[in-house]
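One structure is given here, and the rest of the page talks about it.
Each chain carries a letter (A, B, C and D) given by its place in the written order, and its residues are counted from 1.
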Amino acid sequence: MDDDSRAVRWEQRTEFPLFLAALIYLAAYATRVLDTDLPPFWQHVCLSVMIGLWLVFAADYAVRWRLSGQGLRFVPTHVLHTVVVLLPLLRPLRIVPLYEAVQRRSGQPRLSLYARVISYAGLSTLLLGFTGALAVYEQERGAPGATMRTFGDAVWWAASTLTTVGYGDITPVTAAGRVIATGMMAGGLALLGAVTGSFSSWLMQTFTREGDERPPGR
Amino acid sequence: MDDDSRAVRWEQRTEFPLFLAALIYLAAYATRVLDTDLPPFWQHVCLSVMIGLWLVFAADYAVRWRLSGQGLRFVPTHVLHTVVVLLPLLRPLRIVPLYEAVQRRSGQPRLSLYARVISYAGLSTLLLGFTGALAVYEQERGAPGATMRTFGDAVWWAASTLTTVGYGDITPVTAAGRVIATGMMAGGLALLGAVTGSFSSWLMQTFTREGDERPPGR
Amino acid sequence: MDDDSRAVRWEQRTEFPLFLAALIYLAAYATRVLDTDLPPFWQHVCLSVMIGLWLVFAADYAVRWRLSGQGLRFVPTHVLHTVVVLLPLLRPLRIVPLYEAVQRRSGQPRLSLYARVISYAGLSTLLLGFTGALAVYEQERGAPGATMRTFGDAVWWAASTLTTVGYGDITPVTAAGRVIATGMMAGGLALLGAVTGSFSSWLMQTFTREGDERPPGR
Amino acid sequence: MDDDSRAVRWEQRTEFPLFLAALIYLAAYATRVLDTDLPPFWQHVCLSVMIGLWLVFAADYAVRWRLSGQGLRFVPTHVLHTVVVLLPLLRPLRIVPLYEAVQRRSGQPRLSLYARVISYAGLSTLLLGFTGALAVYEQERGAPGATMRTFGDAVWWAASTLTTVGYGDITPVTAAGRVIATGMMAGGLALLGAVTGSFSSWLMQTFTREGDERPPGR
């Protein structure tokens, strides 16, 4: 059996369990941040689960790298894999390729380009908003002079940031919170680009199709 | 008579009365929210009108679903119908297909793609701004610490939100107001996408047409 | 001599004097708003100049309408003319068609589509920012609770509004100021659409041209 | 040897040393602004280095102008050169053409259009953010009523400005700071246009390619 088919088999077997692991990781992180009355024992459990799962993610990444036989070229050609190893909170984004793989195996046609862009943009926004609100809230909670007092405040702040509205009634004041927030602003910009770009392309395509269907004399 | 023609006949007969009903629904809601001195009797009248009209809208949706004979596939293929049943305040948006239907019957050509996108985007913005300002104002009015004190404040806030300017001098502070506001931000983003996308496509189209008209030697 | 050539002759003879009149109108308005120590006599002079020039603009519009022989169809086909009669402060925008007319007469080629879009977008932004700052400053100056105290504040507010940044450190508080501001926000959105749309189209065009120059085997 | 080849030789020999000089210029400026405990002697050294390097940049610009033999047409055809002479802090942007020149000489293919747009947009954002934060911080530091107290505040403000989020928790209050900030807002708008425009074009291109690969019957 050659390397290529082993890489494919690895992917097929691990994709689904890893996706479940990503959801568990997110749940453990959310529990640690949001449940302030959590007994120390369960706090340690959550932390251990997170560290253990991250080791699993890292091992999977190493195996894929090895099986790909690509050397250093693996990193630029597997951007999404690299991002979700460094930021495991974003790992549930892998649901889009997972869904596509399931469809391909069952012989159904691939999602259209727009459906993929919209599902990625929508899921990224929800995940970026939720995990960003969690991460910033963890930094801001209890900081002196913080305007973000509840998790609801954090979600409201995340919504106004990702849409680039930016009311400024609630803003992070800690250095760590602001670094995460800057990443979210860049994400909001990319999201805006995805939404406007998809819409523009869809319009162009619709127009071109309608143009083709018209009689030439018009 | 087959199902298809019955569905078309139903649509032709109900489209105009339902549009009038949508305007009455919006007026009843606006009266309830804005007229603070309304006697209890008229408040009950407004509420009864709203509930009655919503039942009419729901019945119309059910009849269309039945006549379409599509089963569960009806929902994804009739997005606008589904949205305006769940959020009847947005129902006046149906004026665009209504206008198109009237034009089609009188033998006039269909609106161009850009005219349709611009009329949808413009009407959506006005309606989203007006109904969103009403709905958020209803939640914020009288809330402790609210910065939104008059309906004028609410309209000003809605304008700065839908254009993604987001001054933040007036912001909702209640949970319900913030949920509605998040929906409006997403709407503002989509509007931005529609405006920039239409403009971009129009430019491309103009360029392509001008390119075709030039002599080939140039 | 037929109507068409008379309309063209009218346009050729009046275009340049009307443009000068538009600059004088703008200067008179700015003087009235900014020079707070202006003696009453000169204030009356400025106001008289503005009223007189507006009558000239209205007369020019009426003559063009008459000469066009189009009846009510004149308004939708001459959007820019109609806008600059209703809002004479925006009249200097007519410099773009004026410049094009001068170039056409001297036999030089027309500006490219991108050059026209960029010159319109850039000039509109500067004019909208300057006249909007003037108009909002006139309303806000002296209003109780106003955060906009100097004309510099008004310009800073206009810049943050037209780019949709919207800091909110300075915002209009009067009803009239907010109505003008809402118009400026819509202008900022259209500007954003023009900038992103032009850029996107330019990229597409560049790509298409590069694609054509490649050998077919690639 | 004709003018053209002398211009090319000049460019090849000076491009790399000038890029190093630009980095030294940026470092000297940052040292002057950020190191508040710098002894007067070193402050003078930094200033002298900056003036000396700027003279070098101006001399290089003059030589290129002379060698080009283009007269006044040099300025509009060398926009990037002109901008980086007037604003030497933005000079490190020249790394993109430098990198392209190195690649061309070693026979490697040119960067694709998207790679160039993305590298320009990304580098411009980082440089504009860093130098803008430095320049605004220099103006605001110590101004009465300033909300921007540390360089971290300045960077946070720059991030929220360039993404057009615009929280407004920290804003410049001095006239000089606001002029620089207005330039950064325009830069943020252009960046937004570049990001959304590239994304839109890339989508269109991907769609067109996929459309070509489909069998015609579909």
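General remarks:
The definition used in the following text is that contacts are C-beta pairs under 8 Å (C-beta built on N, C-alpha and C of every residue); 3 or more make two chains touch, one makes a residue touch a chain.
Predicted model only: the values in this text are computed from it and were never measured.
Among the pairs B-C and A-C, the greater number of C-beta contacts is found at B-C. Subunit D is reached from subunit A by a rotation of 90°, derived from superposing Cα atoms (nearest 5). Distance from the subunit B centre to the subunit C centre is 31 Å, each centre being the mean of its Cα atoms.
Separation between the centroids of subunit A and subunit C, computed from CA atoms only, is 43 Å.
Residue positions of subunit D with contacts to 2 or more other chains are 164-168, 192, 196-198, 200-201, 204. The touch graph of the protein chains shown is complete.
Only residues 164-168, 196-197, 200 of subunit A touch subunit C when the two sit together in their complex. Taken in their complex, subunit B has these residues touching subunit C: 152, 156, 159-160, 163-169, 191-192, 195-204, 206-207, 210. Here subunit C touches subunit B in the complex through residues 113, 117, 161, 164-168, 171, 175, 178, 181-182, 185-186, 188-190, 192-194, 196-198, 200-201, 204-205, going by the rule given at the top.
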